[in-house]
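Per-chain residue numbering starts at 1, and chain names A, B, C and D are given in the order in which the chains are listed.
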Amino acid sequence: MFAIVRDPIDLRELECIVRPGDGGVATFLGVVRETAGDGRPVTGLFYEAFEAMAVHEFETIAGEARERFGDVKLAIVHRVGELRVGEISVAIVAAAAHRAAAFDACRYAIDELKSRAAIWKQERYADGNAAWIGA
Amino acid sequence: MFAIVRDPIDLRELECIVRPGDGGVATFLGVVRETAGDGRPVTGLFYEAFEAMAVHEFETIAGEARERFGDVKLAIVHRVGELRVGEISVAIVAAAAHRAAAFDACRYAIDELKSRAAIWKQERYADGNAAWIGA
Amino acid sequence: MTIRVLAFARLREILGVPEADLELPTGARVADAWAALARGRAALEFERSSTRAACNGSIVPFDAPLREGDEVAFLPPVGGG
Amino acid sequence: MTIRVLAFARLREILGVPEADLELPTGARVADAWAALARGRAALEFERSSTRAACNGSIVPFDAPLREGDEVAFLPPVGGG
């Protein structure tokens, strides 16, 4: 499951990827923090994506993870629009027979998503200002 | 949250540990596989624990993770009793400001739990046999 | 020929719309599409060096040629997660 | 003195019960509690080298002394996860 969604992410949908032979499931959730990288209070984040390209990149990243870490199944979902503090912006589920591949694939996927996927984030500050955050 | 439980693990309870400053949440789920390490079909697993000692070990492991990886909050819950294929035996949630500490702490916790915690697993096979699995 | 242009995040804000059609002469390249957008939008000049282009969903260099109906997206530095 | 003994997994199965009280002479050690259990249970002999002992929740060596009311747990190799 690879998707850009507007509504809150439902982790149970992602967990449907787990297969009967999978013994380890590693998950990553990105959560909107109350402070920016520079410490300023944040009221929320606004995300936008080039949806077709981002979803294609999710698929590519999952394929690369399989090449690197073996038989691992991935789900990657990123939310767009206005998010409040505490809401989940991205969810990644990696399932494999054993935990090493699941952890490695999950971490690879979030690292690559952050550096490559066509998704943009704007921090919105308590003082009314806003700034786009580039990788 | 550190616990040995008899009923199905409710991940939402574990996720209550996430604090407003946490931006990364890494989770590990151990799932009962349909085959044993040697490939034999498994109908289910039976887990038992020395509960007081296991819970104390979970707390110790979480303390060690904080020493190693910084300010990271952990929840560790292991289920005991009869589990069927596909059911969750262990759930670990690690929350930190950034993803590296969350991933590192989550992986440390499951690795240490498997090698140290006073929990035992019996594989129950399709042919009616059963075997205790030691680390 | 007509080219569809998409812009995201800061570029979208500078452009004022998320997408637009551009009329370009046959043989135009991605850089020509960018130049057409930048005309009258000085703020875009500062964005050029950090902007990547995608044509029909694939990253391409700015000297890539365009064809009638292509969809060109201009992408500022990404920041998902 | 009376010692409470706990056994888990394979050891529990060999013992037949998950816990029992043992009467031991004053000055007895963990190894004496084990020996008392092993009397008449040949299968326990094979388990000795892989078994760890905990006294009141903490791992102790087999030569650790016991006191009235101690809870001694015998732990086979663990396998959680």
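Convention: a contact is a pair of C-beta atoms (placed from the backbone, for glycine too) under 8 Å apart; a residue touches a chain by one contact, two chains touch by 3 or more.
Here the structure is a predicted model, which means the values were calculated and not measured.
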Spelling it out: a chain qualifies if it touches chain A and also touches chain C; which chains qualify?
none
Determine the centre-to-centre distance between chain A and chain D, using the mean Cα coordinates as centres, and give it in whole Å.
49
Once you find the CA centre of chain A and the CA centre of chain B, what distance in Å lies between them?
23
Where chain C and chain D are represented by their mean Cα positions, the distance between them in whole Å
74
Taking each chain's centre as the mean of its CA atoms, chain B sits from chain D at a distance in Å of 26
Can you list every residue of chain A that touches 2 or more other chains, as numbers and ranges?
30, 110
Among the residues of chain C, pick out those that touch two or more other chains and give their numbers.
none
Go ahead and list every pair of chains that touch.
A-B, A-C, B-D
Complex contacts: residues of chain D adjacent to chain B:
6, 8-10, 12, 50, 54, 57, 73, 75-81
Chain B residues within the chain A interface of the complex
11, 18, 20-35, 85-86, 95, 97, 99, 102-103, 106-107, 110
Chain A residues touching chain C - in the complex, by the definition given at the top
30, 47-50, 52-54, 56, 78, 89-90, 110, 113-122, 132-135
